[in-house]
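By written order: A, B, C and D. Residues from 1 in each chain.
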Amino acid sequence: MLRQIEGSRAIAETVALCRPEVVCAYPISPQTHIIEAIGAMVKAGTLAPCEFINVESEFAAMSVAIGASATGARSYTATASQGLLYMIEAVYNAAGLGLPIVMTLANRAIGAPINIWNDHSDAMAVRDAGWIQFFAETNQEAADLHVQAFRLAEELSVPVMVCMDGFILTHAVERVDILDQATVDSLLPPYEPRQVLDPADPVSIGAMVGPEAFEEVRYLAHLRQLDALVRIPAIAEQFAHVTGRASGGLVNSYRTDDAETVIVALGSVLGTIKDAVDIRRELGERVGVVGITCFRPFPAHAVREALRSASQIVVLEKAFSVGFGGVLSTDVAMSMHGEQHVLRSVIAGLGGRPITRRSLEALIAEAVRGDLPALTFLDLDHGAVDRERTRMAGTRRSGPSAENLLRDRGPVGAAAPRTES
Amino acid sequence: MFQVRIHGRGGQGVVTAAELLAVAAFAEGRHAQAFPSFGSERTGAPVVSYCRLDDAPIRTREPVMEPDALIVQDVTLIHQVDLFSGLSHHGYVLINTSRNFSELGFEDHFREFSQERLLTCPATEIALEHVGRPLPNAALLGGFAAFTGEITLDAICQAIVDRFKGAVGERNAAAAKVAFEFVTNAKEEFLHASTN
Amino acid sequence: MEIPFAITLDVGTSRSNHTGSWRVERPVYVDRMPPCNDACPAGENIQGWLYHAESGNYRRAWEKLVEENPMPAIMGRICFHPCETACNRVQVDEAVGINAVERFLGDLAIEKRWSLPIPGSDTGKRVLVVGAGPAGLSASYHLRRLGHQVKLVDSASQLGGMMRYGIPAYRLPRAVLDAEIARIVAQGIEVELNHVVHDVERERVEGKFDAVFLAVGAQLGKRVNIPAGDSSRVIDAVTFLHQVADDDPPLLGRRVVVYGGGDTAFDAARTARRLGATDAVIVYRRNRERMGASGEELEQALGEGVTVRWLSTVNRFEGEKMVLEKMALNAEGFPESTGEFEELGADALVLALGQDTDLSLLDKAPGVNIANGVVSVEQSMMAAPNGIFAGGDAVPAERTATVAVGHGKRAAHGIDDFVMGREPGVKDRHGLATFDRLNTWYYADAPRQNRPELERIRRQSTFDEVIGGLDEDNALFEARRCLSCGNCFECDNCFGVCPDNAVRKLGIGERYEFDYDFCKGCGICVTECPCGAIEMVPEKI
Amino acid sequence: MTSQPVHFYQVGSFAVGNRLLADDQRTVQSNPNRANSIDSGHRACQGCGEALGARYALDAAMRSCDGQIVAVNATGCLEVFSTPYPETSWRIPWLHSLFGNAPAVATGVAAALRVKGRDDVRVVGQAGDGGTVDIGFGCLSGMFERNDDVLFICYDNEGYMNTGVQRSAATPPAARTATTDVVGPEPGNVFGQGKDLPRLAMAHDIPYVATATVADLHDLERKVERAMAMRGARYLHVLVPCPLGWGSASNETILLARLAQETGLFPVFEAEDGVVTNATLIRRRVPVQDYLARQRRYAHLFGSHPRPDVVERIQAMADRNIERYGLLDASDQQVSV
């Protein structure tokens, strides 16, 4: 049913349609609205049977999900940012144990400095954990991906993380078609675990595996992820067939057919980029966009195919590896190995910095001109940086940079966004 | 696309206002996108919310940089926040106050603007009278409907009563209607004054 | 289920990992000699019969008991129970009341008319047993069990020897004595009473006996030269008690002095009290600590009004006046004269200074060696190579009924070997189960249950039995106080405490075995075995 | 002495088995068909108290719920020595996730069972003292606070033995560990630190908290049974001596556990709904030095430079426990049997 609905609410209702049996919740912005809504549904009895467990930390949340999943229950949780890092040991563990947990990640920056706003640092911090990671462009896609995530996770015994931009999507009220129960049931059969804790058929799960088999275990996990590269498009296709809506898949291309410059990105920023691309197209610039929906496993082949015709690839990402550069860029570069492309990394939107259409247009123009350096930080306030560096050079006890920058800038709040001149 | 930016403080229903507007627009068959920009989620802290209205799907996720309309729920924010940033000279400005622009000292700033798109509305007073609490958001939405014509009063009222069940919804809808009347009258007065 | 590779494992697969290879020492089950058994002169398997009594299987317990000793009701009264002195439980609280449980079983057997085991199949061998005291009766019984024919002769008119003629009825009721003797005789023993053997060799040859067991006892009361007036009544204790037993007590008067410090002296004094003596005074030349009789007996005698003059000797006895000399112990603990005298009014003097054996019947027996008034014997109790064996008070040993019973048994086995033409077997004796090998924490605190005593007033005038028996509850409780020193009693501790599940339980009575595939040799089972029945031995590496 | 009812048998109530008791009154461990939840072939050290404690506790739990059990295990010795690929010693459904999350994983298992209507299957979480009092405490406290239907068992060997004997918050004062060396004016672990987890557990007002040792199997099994008869969060803290970490002889594992109790250093008690309901009285009180002197981790208190002052402080701790829990029966030194 088509509704004007908050993203978090859409996720909560869709997850409920997936009939989760155990949901663990620890509040962290901007994930709270999702678990609040599920909690209310469980308490009201509209989502049943389901155990909703208020845990004492994200570490416990993932741990409860591990226990529940290993006991054969469809398990779900949601988190963000620091919460993901706090549970990271369990995140790895869930993947290592091959437990098909589904988790929503309301993407948010990681402190310090503490920051509640959106970027992708959290998702990137666990990209090697062995989870499948989807990035949603819209709330519609985020909702749809959850159905596909459960299906995929349980088919392959791999946990799946659905990443959606914190606040930008989670708190956005927009049009979402919420599926009906019958449709979801047809897409998602009951959970049949590959292994389960059962007194009637006891096994020991979580053995200590030494050098003699550890690499094989990891390689098998890798093969399962490669299987996912086949299953993800198939499931998306089935989803489209049943719902009449294209959602998910590996990558999505926009106006790339004749594009010389292609921008690659993850998540909700793709919408703004598409607007910018449309405008630049009107100016005759041959630009296109490739959105990567499935970040892990990384669809190297699909990315290569999508970018083959481009001469310049601009990877715009909301996270970066300090001391080096783009994270996604590295993966794209690996995928394009052997091809002759100019590859540019643009770091943007860290800690909730708005990525504006205007800035993107300027970026595209610069790229088309061939003036874009290998690594760019979009809308970086170089003046502030220079002032701080001067301060640091001048006095040993220069104090904390974050606070210095804020003081420089004067009072801010959730004020009107600054228009970059 | 019609873009609205709403300023206020935590607890004043700023985010809800944008959501109600989006829901109302959706009900009228339009595409809409409402989202907030939070500071820390505390009562009294400055809060901004946005709402885009369009006949086509909305893709952009950037904050509303250049609003077509500005709703200011708390004019005291003028001292903290660049309230009018990005506003074009043809933009709508609806301010919750019982004073007028010149009494607020805004005359100079808006000298170049379309004067018929600058309005104040005593939404808090209306809310206190009809809702019983100083929550100006519903009244301002009623005023916004009358002011811009981007949405109907009926859609606003329906969104309000859908969101707030029972008497609370009814009272807020009543406040919206009163503000709608107030703004309608103010517009007429302005026309009357300018034609004279 | 198809389990994931490596991370998930099928249960119990670790059994393929034989951790026994880590071991440098291995535990082994052992049996050790419990101190009670070790101390029992009759060679009873005390722990063995207590084991059955613990579970209330008194019949089985009694049967186990009479495998070694056919007179538990008697022993349960007159044995001075060295087993209890040796009992390890002394170091926890008090000794297990073995003697009381033995009596309980013996009395129960009499009451229930339980039979002794059926004699062994006839070997055709004949054995003459001379003397029907504890040694002779014991030997006869065991010889019958071994299938030999037995002729038991005694000079007295009734069977029992010193048990009848030396031990007063208040300690050993005659009904009990008669019942246990009758049960032995019923095993098919030919008895001839009032038969004095003058020449044992002649009787052996004429009777065509394959062997002879001499158990003639020590029937002659020792006498010392005490100046005494003609009118003074002096009698030896053996004679005195014998006459009482024959229901023909001598008249001793009101004031009776008993000279001596052994059990017999006390028996005589206590008997005299019962016969009407107002004063029964024991005169003993040493002090209380050096007295031969048991403390128990002393306490009972004192309780009955017997008095004791310590460190005194009878110097002379003239008419109704007895002169005593005070003694002092020298540095070696021997009494020495002090030259100090005192007088004591007395009507009679009973001498309880020990007994001698009349061995004149051996005068013509070849190969018998007599030294210090007793017959020398080998380990098998053989006294002469032609088949003469001897035991009881007639051989060098402590003169107690229990020792005599033990001699009887040992002689029976010696005779068996002899008549069957076997070399005497050498029995391996297990090492002693000492207290330090026990882990007493596992034993519940359980105070000893004591037997009731007869009221004092009745003890001064009648020959009613002084010490009562335990009731069943108490006997059971007492039996269960046994620590089973040195021998597994299947408490499951080893089975339970092994961190490696390396002990197999084999079922009731079958004990346990170690699974050396998995035993890492930690030794917890040894430390936690309550009774010390496991020990570690080095692995051969 | 009046005769008392005969309800003790030969070795009384303290040995593992008793041929004179009816089957249903015997310990689980005496049963040849016991579950052996953790089976032979595990790689625990010789004389491992934890291997023993785990079998005691789990076998008892198995009996009390007819074998319908799922166990969750924290990282630690017990986990490492029981499940090195390709062998596992467990005969029950068993899950190991991480060091610090066993209580939460157990919560998840319990939630899954509840949602599936499998009330018959019970959940036991287990960890060493590190996984319980230190890294796992947050999750444990959360599990307690929610009163999840989990019996959590801490096998306390008073240190991080798996990693080479480092100090934990359960390491007693003066004990030598690799991180509390015997140097300085206060050799070994310092006084005045550490966590008393049973009391912390009681502060959550959960239905059941108990302590036990591997030295008193009857007591341990009774407590497991009591715990298994209840629902909600239950906590059992079992002292399991570690020959490696304590520097004790491998055969003295149970002996040391017994001495820990009989000195008063390790109070054995149980509590329901936050209130102590029962304390196991000391049968044969011993001074702490009898306990300490058997362990190399306390060797620095004796030897050529003895520290009677430190021993005295430890004795004072024991005395304090004795007073706090009333571990001595003032009227009668005899313990009822």
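The rule is simple: a contact is a pair of C-beta atoms (placed from the backbone, for glycine too) under 8 Å apart; a residue touches a chain by one contact, two chains touch by 3 or more.
Computed from a predicted model, the values in this text were never measured in an experiment.
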Item to complete: Could you quickly compare A-C and C-D and let me know which has more C-beta contacts?
Response: C-D
Fill in: Chain ID, smallest distance between chain and overall C-alpha centroids
D
Response to the item:
Averaging C-alpha coordinates per chain, one finds the centres of subunit A and subunit C separated by a number of Å equal to 92
Fill in: Length of the line joining the C-alpha centres of subunit B and subunit C, rounded to whole Å
114
Worksheet, complete the sentence: Distance between the CA centroids of subunit C and subunit D (whole Å) is 49
Worksheet entry | Between subunit B and subunit A, distance of the C-alpha-averaged centres to the nearest whole Å | 34
Fill in: subunit B, residues touching no fewer than two other chains
none
Response to the item:
Multi-partner residues in subunit A (2 or more other chains touched) are 97, 201-207, 209, 213
Fill in: In subunit D, residues with contacts to at least two other chains
82-83, 85-86, 88, 90-92
Item to complete: Take each protein chain as a node, join two nodes whenever their chains touch, and name the resulting shape: line, ring, star, complete or other.
Response: other
Response to the item:
Residue set of subunit A touching subunit C in the complex reads 96-98, 157, 194-196, 201-207, 209, 213-214, 216-217, 220
Item to complete: Provide the residue numbers of subunit D that touch subunit A in the complex, in ascending order.
Response: 67-70, 72-73, 79-80, 82-86, 88, 90-98, 100-101, 104-117, 121, 138-139, 141-142, 145-146, 148
Discussion item. For a test of understanding, state which residues of subunit B touch subunit A in their complex under the given definition.
Written reply: 5, 7, 15, 18-19, 22-23, 25-27, 31-41, 45-48, 57-63, 65-66, 80-83, 85-86
Worksheet item: What part of subunit A is in contact with subunit D in the complex they form?
Response: 21-22, 24, 49-51, 53-57, 59-73, 75, 89-90, 93, 97, 197-199, 201-210, 212-213
Response to the item:
subunit A partner, complex, touching residues on subunit C are 1-11
